[in-house]
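One structure, as structure tokens, below. Some questions next.
Chain IDs A, B, C and D follow the sequence of writing; residue 1 opens each chain.
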Amino acid sequence: MKKGIKIATIGGGSSYTPELIDGFIKRYQELPVSEIWLVDIEEGKEKLEIVGNLAKRMIKKAGLPIDVHLTLDRRAALKDADFVTTQFRVGLLDARIKDERIPLKYGVLGQETNGPGGLFKGLRTIPVILDICRDIEELCPNAWLINFTNPSGMVTETVLRYSNIKKVVGLCNVPIGIEMAIAELLDVDHSRIRIDFAGLNHMVYGLDVYLDGVSVKDQVINMLTKLEDSSLVKNIKGLKWESAFLKALNAIPCSYHNYYYKAREMFEKTKEEAEKEGTRGEVVKKLEKELFELYKDPNLDIKPPQLEKRGGAYYSDAAVRLISSIYNDKRDIQPVNTMNNGAIASLPDESAVEISCVITGEGPKPIAIGDLPVAVRGLVQQIKSFERIAAEAAVTGDYNLAVLALTINPLVASDRLAKQIVDEMLEAHKKYLPQFFKKK
Amino acid sequence: MKKGIKIATIGGGSSYTPELIDGFIKRYQELPVSEIWLVDIEEGKEKLEIVGNLAKRMIKKAGLPIDVHLTLDRRAALKDADFVTTQFRVGLLDARIKDERIPLKYGVLGQETNGPGGLFKGLRTIPVILDICRDIEELCPNAWLINFTNPSGMVTETVLRYSNIKKVVGLCNVPIGIEMAIAELLDVDHSRIRIDFAGLNHMVYGLDVYLDGVSVKDQVINMLTKLEDSSLVKNIKGLKWESAFLKALNAIPCSYHNYYYKAREMFEKTKEEAEKEGTRGEVVKKLEKELFELYKDPNLDIKPPQLEKRGGAYYSDAAVRLISSIYNDKRDIQPVNTMNNGAIASLPDESAVEISCVITGEGPKPIAIGDLPVAVRGLVQQIKSFERIAAEAAVTGDYNLAVLALTINPLVASDRLAKQIVDEMLEAHKKYLPQFFKKK
Amino acid sequence: MKKGIKIATIGGGSSYTPELIDGFIKRYQELPVSEIWLVDIEEGKEKLEIVGNLAKRMIKKAGLPIDVHLTLDRRAALKDADFVTTQFRVGLLDARIKDERIPLKYGVLGQETNGPGGLFKGLRTIPVILDICRDIEELCPNAWLINFTNPSGMVTETVLRYSNIKKVVGLCNVPIGIEMAIAELLDVDHSRIRIDFAGLNHMVYGLDVYLDGVSVKDQVINMLTKLEDSSLVKNIKGLKWESAFLKALNAIPCSYHNYYYKAREMFEKTKEEAEKEGTRGEVVKKLEKELFELYKDPNLDIKPPQLEKRGGAYYSDAAVRLISSIYNDKRDIQPVNTMNNGAIASLPDESAVEISCVITGEGPKPIAIGDLPVAVRGLVQQIKSFERIAAEAAVTGDYNLAVLALTINPLVASDRLAKQIVDEMLEAHKKYLPQFFKKK
Amino acid sequence: MKKGIKIATIGGGSSYTPELIDGFIKRYQELPVSEIWLVDIEEGKEKLEIVGNLAKRMIKKAGLPIDVHLTLDRRAALKDADFVTTQFRVGLLDARIKDERIPLKYGVLGQETNGPGGLFKGLRTIPVILDICRDIEELCPNAWLINFTNPSGMVTETVLRYSNIKKVVGLCNVPIGIEMAIAELLDVDHSRIRIDFAGLNHMVYGLDVYLDGVSVKDQVINMLTKLEDSSLVKNIKGLKWESAFLKALNAIPCSYHNYYYKAREMFEKTKEEAEKEGTRGEVVKKLEKELFELYKDPNLDIKPPQLEKRGGAYYSDAAVRLISSIYNDKRDIQPVNTMNNGAIASLPDESAVEISCVITGEGPKPIAIGDLPVAVRGLVQQIKSFERIAAEAAVTGDYNLAVLALTINPLVASDRLAKQIVDEMLEAHKKYLPQFFKKK
């Protein structure tokens, strides 16, 4: 990486892209990017043009020597890339809306990552990711794959188990969002806070919180019991934690834990919202439309403030600080999805976990935490089992495994419902699931 | 154990006792019992007299030199005992009925072992069991404690973690019931079947099935997909497994798995039954009444056939064959609850597991199975976490832990419901839960 | 295995064969063998004829319908075999003598299994074993491979890691010899003794000893501190254990432990014996010559008593009782080399260990022992590391790995000596080590 | 730690103290120490005065507001200390000389840490350390105990297992010495080098080496094969590694590995040196005498350059950078001895290991390395077993355990020699080993 850094962004036409561009601009001094290749597929061409041109205007305004390339040729984008970021959505938001709507009919939450929605997003995404991995192996074998595509834990697990790519990191803005929210609660600067994160993507716990190196966990848990909305990140709305539960848990849950520790309430809430305002996918679809209208404006040359509503807070921060720490061998601590390697005793060594790591020039090195608290081991293990079986179903196209994955998912917990949902969703997403419709 | 064997049965006034006596009679040649002490508490005195006298008549009829003692003095019963069996119920069937009825109001299954009912049965039972352990330590330190009292897994876990008694085995008739049912399905004698059991009490899986030493798992799973009632034991009614699920699971679930893999359906079914025929506790209460009427008959000197309906099929078989194998160092294979000791990789070494063991003169030695199938690890871990936190709550009387235990239980999965159920049930069982009502 | 059982014995011309034939004769009622194929290589043809004809006479005398085939065609012997036993020696006793003599020059014990001798025996044997495995896969995929060939632990490890054969058991007469010796010390019948064995081949410990199911370990250890010769088996001569050491060890070592816990003394003793009586290989060579003279006698039709001196006591017993227990799904306990599968915590799950197992129709199932005593973990781990690196060296022909394997071996403990010994021995055994002399 | 920091140094009369004082002076800006208490015992009073006065002169010259206290009252020194450092030697250098001389008579290396010398240094030191721990618990329960006293691994293990002090770090200058030496070999600044260290104290391996975040392991190993003296630290002289060995090992050994991978050569070398120049203890004794002569000079007010020969290179650097990183929550990476917590799979979670850690305000957090390379697992495990049994012997005064510890030590490997050495050394150190001479 002597010369400038080449970034390839798969799904470059995403509405998030200005966020990412903004991040590269802000950290240019430490991270001298020379080329950004935004790549998308034929169906996303128009969006790619719109957002790509905004990216070019942003960089021009910043006065930086970064070349932005817009392309539908993934192989050209990958050739000799130093970092590959992925943020695509197979089937676009319409697929997400089905992921949300269909399960609701069966009295089950869709949940875009660790529920039926996540299963089907995984089934659609995994064959594409593995295809990208094969290209990386050939075209840029030394590149780091930074995956933002959800379900990020399942995708990282799949890359570790089913590809030859070892330089992969799964990323999420939930942990950084928790850090920011807790810094705000304590009214201190983010840099003074450190949290020991451990668990899985969207199933991560803060095992301890330090202010200037001294544990303030008890104080923080106490503050959390008083919040009306337990979600610490903006794109999810949570409910209030029961004080007795949270004190005995003695760890900081993430926003997604609302789905497992308030299963019925969240179902009712989500169903009601779906009826009133539409599902999250429907809301986002509208938001995106507005965003792209904004992006089209040839006078716009900064990240528009409206983007924050989209839910990607700290997204660019998480992505660009990770890339910079790898590039600069910074050895700072960041929570990412990487191979467990014994850091969490009760999860397999070779599985992906979301955990606080030291970020070095050779990638993230997880800090050993011993084991998860007894109270959370089972649920975490269960989601890991779900991820693994879902990944295997995606790779093999095995119908029975898809039913099994959904049956053991705590949001479903019924083999009959699992089968009904799988049956309807397979049909609905047929176009993107060729592995399940092979001729025998 | 040179002379005759002394058995002490805590909760000797149970309706199950004739089953146990029958077992000792049948195996007398290999297991020369000389004394059976049936011990109960003041409230159970009448039942103890009735069932104890039946026991005496049974032994007399068999013409065996076994002394049956009926007593309310537990310490006298324990003194120099060789085997202590426990089958008591703190709060009797009325407490069970509350365990079942209260959760239903909140839309939650009671479940007498691994649900809210099991939690409260555990909270009531554990202090008593630990008290018995202290007596055993003093009065019969070399005795084996054979625990039948539910929740048997939680109780065994507690004894291993919170007492000095290491010679403890938890017993259940579910695994032997599965063996019998599968032998029947295959139309072969029970002795030709061996199943590799692994998991927890009421959460046990058959990982493989052998007929004359050769695996017949595929055939058995195929047969199981065709059963209308998936429960293989008589006291639980199950539903039909989805074929896709069972084939991908590739293991034999136990009847209690209906509660986790058919959560909603089982809730509906249980609720409906509670409304129509009454809860299981109510049904059993009626059954017991009838049984004790029968037991009173001075002409009855055998185990009455009506006892089978009570749900204790193979109960005496499981208990007496275990005691005999320990006594005779038989080294045969039986599924029991014992310390894991590394036999199942993803569960703690020092936790109780239900697993196929070689039964030796020094107790059960678990056969290493490597690890549970990926699909079941999470659920098993979750119930183990529930058991451990419930046990800690029982020992400490910590309210928050009780709420936590119930929140992480897959049948509840809501901190709000957990708190409401704990609150109502603590009040309902107040008399038997002094540890939660200590003056501060 | 409906009809009679077919046995294929690789290295059938061995002087041990009458022992094995004797075993099959004695257990014929429970193990109806119909064919025994003795197979050997061209160089062993004469011996094969001699011992094979004795085998035929023995079976004729016993009046059993077993066909004995003598052949140089390994594939014909393997075709549809039910059990394959291996007892061959690549390079014959002359190679063993070099394995013993060369290290002595460097002040190092040869040790035919876990020392430099064992390394080179492994390097010669492993390619042949893997070749046999490929034949088994093709010709008798359901057969059990019962390996007696030393170094038996290293060979079993290799089969588990580098072949597709999973039905493999490594066998040794040391554990059964210890059981017999302790039964004799206690003056009781062998059947009343059970020992919990755990460790590796020729590095196995008795963790507890039971008489009629009750631990008599303290008594046995006390007795062992009084023996002048600590070896409990006949072909090894040991020295007296220091009482303080043995009591603190609190486990029963095997005879080979003399080499590690009396390293210098055993070196001196072995060197002296080599000078006086010749090495063990030289002694055995003479013994074998005498044995084959006896075998030639056309009137001999039983196993000659002189065979016992050869060192194979209980060899046939160990082999035939294992085969019978698998065939009959006996579920009795025997110490064998099999995959660890978590039974010993501090050794890899997928490594071969020597451990007490339940022998079922699907092979040995190890009994979980938790972990080895702290005092022995390191040495056992070290020999396992030696075995694994030696196996890798044998498979790859990597010179550096051979030097590494010997450097970490506790009998050598010097990189300089390791290199010198490897260099001289590679030359000495060049003919049998083609993998180290490939053209680059 | 709001006000100035209080340091208590047990064994403050050590010749190393000026090194430590120098370190505190250099880092004063980041580590505002206000009090240093040098504490020693009656026999060390004179040395304490000499070195203490030098310390005062050094601080005066630096113009820093640090109070230096000299005292024989350990409790006064510990009262409210923030950091306690230990660098004492029970029995002084005369005891060390016996530790070295006695084993040589038996043909065994003394080795001040992981050999017989280390065993007896441990037996003398451990009761004192546990006594200090009890004082810390009472007088400064929030202090960090930074232990430099050898055998540092065994001492740290003991504190973790047998005291209530959890805030303990064991420190050694070997890893930092390796980093410095490799930086020098590569001719780059130390700050650009990072090594993944893992193992035990004086048994630590560099698993990888990075220059600016990129692995240069192959290059470094290649360079190491060319060094005539393999020791990378100044106080130990090593021999040349065999290239084949080092390449297959594929890790960077530490200087102490010469004792295990060149056992015989190092014995010969050490014996010869003992005969010619005296043992290391004898050399150091002479050096110390000269140093104290220098220290007496009232005009000396800096760390004298001659101190470097003493062997404590980087000692102050290691100690003060650790204290500063804890104090300042620096989150930088340092190799220290701390609780394993799963970071190295094949060592117990609760044992002390020497490993690269992130140093936070709550102490060192080990970075998970998965497992040690196969080739080194056994030896590392063996030394850990030695440490654990030695610690138990020290705590209990159990003679048999002392013999066992020495028998399993790879430098001894003989129960007879172990007994003889233990017997003679117990007598020689009788005064400092009261636990072994209690009246029964």
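The criterion applied here is as follows: a residue touches a chain if its C-beta (ideal position, glycine included) is under 8 Å from a C-beta of that chain, and two chains touch if they have at least 3 such contacts.
The model shown is predicted, which means the values in this text are computed figures rather than measured ones.
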| item | value |
| --- | --- |
| Most remote chain, CA-based centroid, reference being chain C | A |
| Mean-CA-position distance for chain C and chain B (Å) | 45 |
| Rounded Å distance between chain B and chain D, as computed from the means of their C-alpha atoms | 54 |
| Shared-contact residues (touching 2 or more other chains) in chain D | none |
| Touch-based graph of the chains, sorted into line, ring, star, complete or other | ring |
| Interface residues, chain B side, partner chain A - complex | 107, 239, 241-242, 244-249, 260-265, 346, 374-386, 388-389, 398-401, 403-404, 407-408, 410, 413-419 |
| Complex contacts: residues of chain A adjacent to chain D | 194, 208, 210, 212-215, 326, 328-329, 331-333, 340-345, 349, 358, 360-362, 365-371 |
